[in-house]
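In what follows, chain A forms one complex with chain B and a second complex with chain C.
The block that comes next holds the complex of A and B.
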């Protein structure tokens, strides 16, 4: 309710005439932090992301919860981003940063593929990402797990917001990384089959979903094989389905109104008149 | 458990930003007849979490020159990438492989001129046809010192006495390698920011010999 507004006949608040200074108090509040971190927080992905190499390629996994501090901003967001036909990248940190950074590098790689007439290599993507992130000295808050297959085989890289990278056989990042890493460290083996790798990734993401407050909802999986095929399984596991819970609530019948309930008394059609600007004739080009 | 030791920030971590990845670290370079053995632990940490437990802190700068990295992982990776590029250019322009001294002084230039924004303590070691084996230590502010043997990183202060008493001139390659592993194992036992496996590279005129071991010569438990 803004100061100076008034109630009208329908008990709705109408804004008062003239200027509205209600944001003054909010701005004072923000300025009081005196140069410390601003109180407006960018939407972060909380997150558990995981990547592992197996005998025939790589498997990437991610949860689907996006948070604004303690509120869940999105229940089913996509954290596995396309980089190239043979590469996908999971992103943790600030949602805007991960999406825009991965999109930028994806487009740079596409131009490079046109120039070189060759499929992209993971080292290229990693180098482009680390050069950009180092340039921004950590202010672009994007922590990434990049995975894919190129002519040199399957690879997984982890990339930190300040620009350091590491090449690993398996890794996890995000607020749920400790929970996921516990699962990975106890169960990872070399040369797993695809089923073993997918089961492992699902369990690792599940550990993050259930033990980390910043992660939740569903698990997305992406399998990139050395022969070049990609199997993107959106919502591969859905352990937090809301529909059965919502169905148990008794709601008023008035919430489900079928079309046609409101009778039409009169209907009138007026075509919108097309008037040329200033009534002049259209411009002609010699 | 909070003790005074764990509440203290090491000289390295004071310069790191929040959430920045540190190479924690113990790094060493010991010369022998005809070459140098460089060694490092493999722990990379963010705060108290070990981000990578098998990292490679020994970066190849050119055919016979290696650099050991300590401090911020992002800063040192970027620095070694620059120096590798400069040394490739030098080789093309001069027609000769670069000297260890050139690599060390190029690194010093970068570190000194960007001292406000970097957190990097490195050891540049290798072999060149002019000087033979050479070891240079580049500290946080950009000091470049040629030294008979070098050790650096948060774990290095626990092995100063050990190295001072055990170092000898003109060791063989295997003696140098054994000393490197022993010193690293002792540092890893006492420093929380150092751990994992021991990586070593023996650099000689003939070539380089890279190795790693998870069997630490000294430690509380052997797996």
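The block that comes next holds the complex of A and C.
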């Protein structure tokens, strides 16, 4: 009988609600064994994400680097997630947690829109997210910047993995949040125009990309306006293109792997057996 | 009256906190970076990136990891910068003393041995330095020596060390070491090797967060040392 489960009427084990900690001791032992630790590591995003309100809506920004400890796992991942037609959410922390949490709440909101026949409100999304994250006591490592426009106007919220939230005119999260916040604090003003807001977000994300080792590559921008339109600018700025640097290297022909270079140790051909029901070959046409 | 409570089947397993942890000051910090060296019949090429980091921060984009111990021998070190600096000082002093006593600079195999002995001297509080020594040996042939933190060393044709080591070595294995290639192992010129190392560092910079900014490349021949720099990505 595994801890935390109970027998039901059909003698099947039902998992108890919440997290099952029965693997905790096994994980501790694994971490002590040499070489087993990498198997337990979750991919973290090591990120810079920002959001700001401006005169006509909100602007969200994010970098595009996903890291596995100190290795870059993905150079151009998407960190601005769709929540609703009028809401997007930037996610920092463990990649699987941010993707699945935002997807779950997005789908819950869609069902709610069908039930209520109304556009979603940001407070609803914030409440759904914080209730879920608090229930998991911070084990779901998702730090989010949620932004959008509803009938009450444009809003930016920041949501921490343990479930606390804050409603702010501008914010940044992730390992590059200090670099980004330095830019935001020096340049943010109330009632910016769209261009000013976009420039500010790009500079803030740029500060994270170049000064934080956990962030890098490109900058994604998402503008959500109070009139309901969304401008999702994937790779709005690409300051880290590799091609110009590679072009400066006189690549030696030595690098090219021509056919015939790779040693073939053994070669074997086995035709796949095709047996139709009734013993006839499947290729016969009737 | 002291009756034992039987634990119910429904009691949930709460994650137990671990035993009391003794907090200690760690004297080591990893300052990142990658170094690599390739030797040839009459040259040796050493390359190292110039980024100094600590944690997730960049401390400097322009700090050298290469140090000429003689005019024919260069020490490339990644690891903890303060330990690397101290190691360089100690080697410089011992090299000078050798020069005063023998009226000539140390040759490369002797420097290699001296470095090993110096590292093992701190076997129980090691220099956090991952070294690659590159130079021209007494016969005029290129030599590369790779080390671990406590002085075990081996002369090899090429080597890499540091945070981006795992991205550079397999590449060098294929192109310099001719592994998994059905052809004659070619003899490469110093210029070709320089271009290959630039490519290797561009690739390492893509995947290792500690490698980037610039590569400093030194070519050592019997005529001396030539230096060039090459830009990498700054993110």
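Basically, the second predicted complex is superposed on the first by the 209 of 286 C-alpha atoms of A that agree within 3 Å, B and C clash if a C-alpha of one lies under 4 Å from a C-alpha of the other, contacts with A are read in each partner's own complex, and residues count from 1 in each chain.
By our rule, a contact is a pair of C-beta atoms (placed from the backbone, for glycine too) under 8 Å apart; a residue touches a chain by one contact, two chains touch by 3 or more.
In this text the structure is predicted, and so the values were computed from the model without any measurement.
In the superposition on chain A, A:220 contacts neither chain B nor chain C.
Of the two partner chains placed by the overlay, neither chain B nor chain C lies in contact with A:150. With both structures placed on the common chain, the touch criterion links A:97 to neither chain B nor chain C. Counting the residues of chain A that each partner touches, chain B and chain C differ, and the larger count belongs to C. Look at A:164: by the touch rule set out above, it reaches chain B but stays clear of chain C.
Of the two partner chains placed by the overlay, only chain C lies in contact with A:240; chain B stays clear of it. Once chain A of one complex is fitted onto chain A of the other, the partner contacts of A:138 are limited to chain B, with no touch recorded for chain C. With the contact threshold set out at the top, not one residue of chain A is in contact with chain B in one structure and with chain C in the other. Of all residues in chain C, only 9-10, 12-16, 18, 53, 55-58, 163, 175, 180-183, 186, 188, 192, 195-196, 198-199, 202, 206-210, 230-235 touch chain A in the complex they form. By the touch criterion given at the top, residues 130, 133-134, 137-138, 158, 160-166, 168, 178 of chain A touch chain B in their complex. Against chain A, in their complex, chain B makes its touches with residues 17, 19-21, 44, 46, 49, 51-52, 54-55, 72-74, 77-78, 117.
Per the touch definition, chain A reaches chain C in the complex via residues 1, 3-4, 6, 16, 21-22, 24, 28, 46, 65, 67, 70-72, 75, 175, 209-217, 239-240, 242, 245-246, 248-252, 254-255, 257, 260-263.
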